[in-house]
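Encoded as C-alpha cells, the structure appears first; notes follow it.
By written order: A, B, C and D. Residues from 1 in each chain.
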Amino acid sequence: MTTTFQAIVPTLERQAIELPSWAFGNSGTRFKVFGTPGTPRTPQEKIADAAKVHELTGLAPAVALHVPWDAVDDFAALGAHADGLGVRLGTINSNTFQDADYKFGSLTHVDAAVRRKAIDHHLRCIEIMHETGSTDLKIWLADGTNYPGQGSLRSRQDRLADSLAEIYAALGEHQRLVLEYKFFEPAFYHTDVPDWGTSFVQVSALGDRAFTCLDTGHHAPGTNIEFIVMQLLRLGKLGSFDFNSRFYADDDLIVGAADPFQLFRILHEVVAGGGLDEGSPVRFMLDQCHNVEEKIPAQIRSVLNVQEMTARALLVDRAALATAQQEHDVLGANDVLMDAFHTDVRPALAEWRAARGLPADPLRAYAESGHQRLLAEQRTGGAQAGWGA
Amino acid sequence: MTTTFQAIVPTLERQAIELPSWAFGNSGTRFKVFGTPGTPRTPQEKIADAAKVHELTGLAPAVALHVPWDAVDDFAALGAHADGLGVRLGTINSNTFQDADYKFGSLTHVDAAVRRKAIDHHLRCIEIMHETGSTDLKIWLADGTNYPGQGSLRSRQDRLADSLAEIYAALGEHQRLVLEYKFFEPAFYHTDVPDWGTSFVQVSALGDRAFTCLDTGHHAPGTNIEFIVMQLLRLGKLGSFDFNSRFYADDDLIVGAADPFQLFRILHEVVAGGGLDEGSPVRFMLDQCHNVEEKIPAQIRSVLNVQEMTARALLVDRAALATAQQEHDVLGANDVLMDAFHTDVRPALAEWRAARGLPADPLRAYAESGHQRLLAEQRTGGAQAGWGA
Amino acid sequence: MTTTFQAIVPTLERQAIELPSWAFGNSGTRFKVFGTPGTPRTPQEKIADAAKVHELTGLAPAVALHVPWDAVDDFAALGAHADGLGVRLGTINSNTFQDADYKFGSLTHVDAAVRRKAIDHHLRCIEIMHETGSTDLKIWLADGTNYPGQGSLRSRQDRLADSLAEIYAALGEHQRLVLEYKFFEPAFYHTDVPDWGTSFVQVSALGDRAFTCLDTGHHAPGTNIEFIVMQLLRLGKLGSFDFNSRFYADDDLIVGAADPFQLFRILHEVVAGGGLDEGSPVRFMLDQCHNVEEKIPAQIRSVLNVQEMTARALLVDRAALATAQQEHDVLGANDVLMDAFHTDVRPALAEWRAARGLPADPLRAYAESGHQRLLAEQRTGGAQAGWGA
Amino acid sequence: MTTTFQAIVPTLERQAIELPSWAFGNSGTRFKVFGTPGTPRTPQEKIADAAKVHELTGLAPAVALHVPWDAVDDFAALGAHADGLGVRLGTINSNTFQDADYKFGSLTHVDAAVRRKAIDHHLRCIEIMHETGSTDLKIWLADGTNYPGQGSLRSRQDRLADSLAEIYAALGEHQRLVLEYKFFEPAFYHTDVPDWGTSFVQVSALGDRAFTCLDTGHHAPGTNIEFIVMQLLRLGKLGSFDFNSRFYADDDLIVGAADPFQLFRILHEVVAGGGLDEGSPVRFMLDQCHNVEEKIPAQIRSVLNVQEMTARALLVDRAALATAQQEHDVLGANDVLMDAFHTDVRPALAEWRAARGLPADPLRAYAESGHQRLLAEQRTGGAQAGWGA
C-alpha cells in the first residue's frame, strides 16, 4: 500500500456523522420494546447523550431531530441547549406515520384533507428548520398498502409528486429536501417509494435542492448497494446516508456490525465518487435501533465503525487499482481492495484521537467514566423516550 | 378432471381451522398500532368474534389462546363461555417474550432463574390446558441474539433441549407439545429455533407427542415450503400449521393473499401426505395480523381461502398426475395441477354452505348483518386488546 | 363482476406475443444441456416451430431473432420464409457475451477496440433490422464483474452511456432501442445494468425512441414487479416485456408457472397504465428456457397463460375497485381483484378460439397432430440449435 | 486480546484444505465458458496444478477428484503421480448429472433402471476409493424438478433413502459417505436434498459413517450458516465443508471474497464446536469456479483466505467472550469477536510460512516464478479440461 495514514488525515478530519436523537430512546420490535435505566425522557436529554458521543469521539457534531418526537415549544432554545453541549441541531425528520389519520397514507392519501395535513406538517418542519438552522428536511414515508388492490399504485405516485412539489416550493434557498426510499415495512404489499429509482425520479422532478437519501438497510436481499451509491453520485443526487446494518430486513443494527466488508465497499465508492471531497453534497447520518444493547456506547461504536471503514477506504491504493483494472488483473485488483480492508487502522486512529485530546479508546473511557450509572441514577421518573408507537 | 366436487365433500366437512384470539385484537408494526372501533377488550369478546366467524362459515370450531394475553381467573368458565357461543378453546400459546426478564432469552437464557421462570410459565400453561381441555401446547420462542458473539449458539441450544425436556415431561398423556420455528424477528442475528431442521431435532429428542409447527411466514426468501410439509409428514412430525401469507418477511397477511398458488401447493402436499386423513395429527390454525383491514371479515376471508384451496387441492386428478409423472410428461403433470388450481370452486362451495344452513356468501352476510356497527357502538370504554408490546 | 367477457374481446384480439427463436433450441444450466429429438437445427426450423405455435393459438404473429445465433446470409429471404409460414420477424437481440473478446465486458469494456467491436455488432443488428423490417433492437448485456475492485463501476457506467449513444444515433426513424436490466448472472459481483433505475437513466439520456425492457425474472427476491411496471408506464419508458417465471433466480421457466398471481398483478397494472391500449408502446415477448419440457407445447402453454391472465386482468371491475379504494375498504378492494383472478376464463377462451377457426384446446390439438413425432423423424443429422455457449 | 499467535500455531499447522481438481479446469455459466492459456487437459495436469498450490502454501495436501471428469484407467497410478508431486488423492465426488439418462433424476429417478445405473456409478466410485485410498465419497445430487407436479416429492425422497442405503452398505469400514445439500440449481422448482435438515435425516438413517457436507454457497438468502455449523457439530454430523463464496446464488466465488466476516463467523463456530480439534471428523475442501480469474493464483488466494480467517477465529479471546455473554454485555461480547476479526494476521502468517521454508508471499512467488507462462507454452493442443456440460 502506497497511501499512508498521514495522507488521509485531512479527509478524516472533515468527516462528520450526524446522530439520530431517537437512537437514544427506547426502540424494539412489534413484540416488545425493552426499557433501560438512564434512557432520556426529553429531547434535551437525548441531545445531551448525543453530545457525550461527540465529546468522546470528535466525530458527531450534529444531532438529527424527529418531529413530533422531539417537538418543543422553543426550538431556538433547544438549539442553544445543543450549542452549550458542543453540538448543533441537524436534519429535521418529518413523521407522518403515527397519527391515526395516516393509517392509509400521508402525502399519497386519497383524501385531500389528509394530504393537506401531511403537507402542513412538512411546512411546519421547514419553519423549525429556520428556527434551528437545519439545512435538510428528510422525508421517509410509511405510505404503502398491505394487499393487492388496496390502493391505486399510479394515483398514489402522482399524488406523491404533487405533495412533494408543494413542500419543495416552501423550502428556503439554503434548504434541501432528501427523500428516503425503503423496500418494505411497515407496508407489506407495496411501498410508495420502494427503491432508488423511484426516489430519483421524484426528486429529479423537484429541482436542484432535492436529493435521495440512501438508508443502508432499505434494500432487497442481495442488492449491490455500492452500485447505487456510485450511480446516485454520478447523477448528482446522493444527498445523504442513513447508516445501519442488517442481516435480514430493516434490522437497524449498528453500522458495520452485520457486514463490515459491505460498509467498506460503500465507502470505497463514496471516496471514488467524490462524496468525501470538500463541498460534497453527501451527509452522513446514523439511523439505528439499540433494542438490546446500551445506547450511548452503541452510538460510539457506530461512529468509530464508520471512521475505521472510511480510513480503510481512503487507504486503497487507487493507482494500483486502476492499473490492475486496466490489465484485467482480476485477482490483483481485488487484492488492492482487500489489502486496505484487512489493514488494522485502529492503532493509528487511537493515536490520532489522542493527539486531538480525545480518549484513545472512547468506549473504555465511557465505561470507566461511570456516566451510564450516573444517568441511571438521575433519570428516574417521567416517561422514557421512545418511538411513541 | 375426473374427481368431482361431490367426492371431496366428506373431506371438506372434516376440515376445521382454529382461529387465534389475538387476531381480533389490534396489531401493527414497530411504527404504529392502529385501533379500530369495535375491537374486543377482553378474552370473552375475542372469543365472541371468533364464534361469529364460525357461525357464518362452519369452518372454525376452535379458538387458540395466548397466555397471558388471554389470562382469566377461571379458564373453565371461559371454556363454558366459548361453548355457549358454539366454539371450543383450542391450542394454548405460551408467551415468553414480553416480560422484562426475557430480554436476553427465556428457555435458552444463561441465567437459571430466568429459565426456571419460563419453564414454570409453560407448566402453568399445561395446567390451563387441563382446565380448558386443550390438547396442544404451542411454543414459539422469541429467543435469539442481535449481534455475533452476544450469545453462545451451542450453549443456548443445549439449554433449550433441557428446558423443553422438563416441559414435555409435565404434559398429560393426551396432550402434545408443538414447537414452532422462525427464520428471524424479533432477533436479528440468530434465532434459537430458526428452521424446520432445528425444530425437528429438538422435538425428536422429546418423544412421540412432540411435533413441529409450520408457520407459513417463517422461512427464508424462496424456500420451497411444500417440500418441508412433505418431509415433516414423511417423518411423522408435522403437528400443526400457522397459516398466513407474506410478500417479504413475517408479514402475517391473510392466508392466500400474497401467493395463492403457494397455498395450493402446500395443501396439495398435505393431501398427498395424508394430512387430511381421519386421525391425522395435523392441526390447521391461522396466525395473522389485520393491521389495516377489518378483523372479523379478514378472518372470514381467511378460512374461506383455506377451504377454497383445500377444495382445489382435493380436486387434483391424482391418477392422471401419477401417470404423467411416470412418463416424464412434465407439461402434462403440471397441467393436472394447474387445471385444479384454475377451477373455480366458489359456486360449489356456496351451494355446500347453503345446504348446511350457512350463508352462501359469508362476507356479504356479515356486512349486511350490521354486526360490525353494533360492536363499534357497544364496545366503548376500556382498553382495546392488543399484543401488549 | 360487471365486466363481461364479450366486452374484453376487442382488447384480447389485439394481443400479440412475440416468441423467441432460441426457446425452440436446446438450453440448460452450467451443469448440462439436454437435447431432445426434433429440436431445430437452423433459424428456418426455429421459425417454423414458432409459426406452429401461432397457427394453433393465433397469439404469436412474430418471432424474435438473436444475432449471431440466427445469423443467415440473407435476412430478407428469412423474412420471406417467415411470411410464408404466417409469421413475421420481430425484435433483433444483440449478443455480446459469447465471443472471447467479451470476457471482461462489451459496451463497457476498458479497451476501446472491444467497445468498437461491440458497437459495430449493434450497427450490424440495425442493418439487419432494415432487412427484416424489425422495429426493435433489444440490448441485454452480460457486462459486469465477479469481484469487488475488478472494475471501476463508474467508468463502466460512463462508457456504457457513450456506447449506447453511438448505437442510438444509428437507429432509423421508425426503430427503437430497448435496454434490458438484470439483477445478476452471469456476473456475480456487479452487473452494469442491474435495475430499472439504471436502465431508465440510460435510456432517458438517449431520447424518445429508447425504452426499458422488463424481464420478469431479473429482479431481487421479493421485488414488487408490478410497481415497476406502473412506474415505467407512468414515465413513458416501458418498451417491452420479456415474460418468464422464476422461483429462485433467473430460472426462465414458463410464464405464469411459478407465481400466476404475480403475472395477474403485472397485467393488471399493464391494463391500468394503458399498456394494452391501441398505440401503446409496450411489446410482449417471451424469454424462456425449456430445459426439461417439450419446447413447442411449452411455448403454446406460455402464450395461453399470458392470454388467460390478460383476460382475468381485463375482467377486473375497475369501477368497483376505485370505489373500494376511495372508501379504504381494504378487503373489498382486494376482493375485486381476487374475484377476477379466480374466474375461470378457460371455457370462454376456448369458445373464442373455436369461433376464429382455431383449435379449442391447442395443446391437445398439437399432441394429437403427431407433429412432434414428425419433427423427431425429420430432423436427424446436423447440430441441434442451442445457445452456443 | 489475550490469545497469542504462538498459542494458535499448533492448530494452524494441523489445518489441511482439500483442493477440487475441477477448479483448475475451465468453468463458466450457461452463457459462456471462457478458456485460458495453460488450462490443464488431463487429471494429471490438474493434480500438478493443485500440487503447485500446496508447494507454495503448505495448506493443501490433498486433491479431490470428480468421476468421470477425472476418470483414468489406472487410479493407483494416478495416486502415485500425485504422491510424486507431494500431494495425495482425497475425496471422490460422484457425478450423476451429465448423462442423458439423468435428465429426470438419478438416485431418485422413477425408473428402477436409471436408479440402478446411478447406484452402480457410486459403487464404482467406492472401488476407486479403495484404489486411491480415499476415505470420503461425496454425493451431490442435481436431482429435482422444474415445475410443480413434475414429480412426487415424497416418492423421490423415499427412493433417495433406498438408493443411499444400498450405497452406504457397500462402503469399506474406513470409508465415509457425505451428502451435500443445495438450495436450488440446476433444478428450479424443487431439489431433492435442499437443506441441512433433509441431508441430516437422510444420513442419520444410514449410520455412523454418513455425514452432511455443508457447501457455503448452497443456502437461501439470509441464512445464518454458522448456526447450521453449530447444530451439525452438536449432532455429530458435520462431515465436511465445501468452501466458496457468493453474493447472489451459488456463485462459487473465492472463499472469503464476498463476505469475509461470514467466513470468520463460520470458523468461529467450527473452533467452538471442536471442528479443529485432533480427531475431528470435519474435512475442509474448496469448491469454486474461477470463471474470469487465473485458476492457480485463485486457489492460492483461497487457501490463504481460509487460513487467515482460521487464525482470526482462533485468536478470539474465548474467556472474555464467555464472561461478556454471561453478563449480557452485548457490545462487549461483540467487541471480543470484532477485535479478533480486525486483527491483521498477515504478517505473522508470512513469518510462519518463511519459518517453514515456504514463500512469505505465495501469490507473489507464483507470479514471479513464471510458472503460468510456462504452462501456457507447454499446454497447447488437446482439449482443455472443463465440466463437460
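Rule of thumb we're sticking to: a contact is a pair of C-beta atoms (placed from the backbone, for glycine too) under 8 Å apart; a residue touches a chain by one contact, two chains touch by 3 or more.
Keep in mind that this is a model prediction, so the values were computed, not measured.
Chemist: Counting C-beta pairs in contact, does C-D beat B-D or the other way around?
Modeler: By number of C-beta pairs in contact, B-D is the larger.
Chemist: Validating interface symmetry: for the copies chain B and chain C, is the fraction of residue numbers used by both over half? Same or different.
Modeler: Same: most residue numbers at the chain B-chain C interface appear in both copies.
Chemist: Report the inter-centroid distance (CA atoms only) between chain B and chain D in whole Å.
Modeler: It comes to 40 Å between the two C-alpha centres.
Chemist: Would you mind pulling out the distance in Å between where the CA atoms of chain C average out and where those of chain D do?
Modeler: Centre-to-centre distance between chain C and chain D: 38 Å.
Chemist: Which chain B residues reach two or more other chains?
Modeler: As it turns out, chain B has residues touching two or more other chains at 103-104, 145-148, 150, 183-184, 189, 221-222, 224, 247-248, 257, 261, 292-293, 330-331, 334-335.
Chemist: Of all residues in chain C, which touch chain D in the complex?
Modeler: Those in contact with chain D are residues 27-35, 97-98, 100, 103-104, 142, 145-148, 150, 183-186, 188-189, 221, 246-249, 251, 253-254, 257-258, 291-293, 387, 389.
Chemist: What part of chain A is in contact with chain D in the complex they form?
Modeler: 221-222, 224, 247-248, 257, 259-262, 292-294, 297-298, 301, 308, 330-331, 334-335, 341-344, 346, 363
Chemist: Under the stated contact criterion, what part of chain A meets chain C in this complex?
Modeler: For this pair, the touching residues of chain A are 103-104, 110, 145-154, 157-158, 183-184, 189-191, 194-198, 200-201, 219-224, 226-228, 230-231, 233-235, 261, 265, 268-269, 272-273, 321-322, 324-326, 328, 330-331, 333-338.
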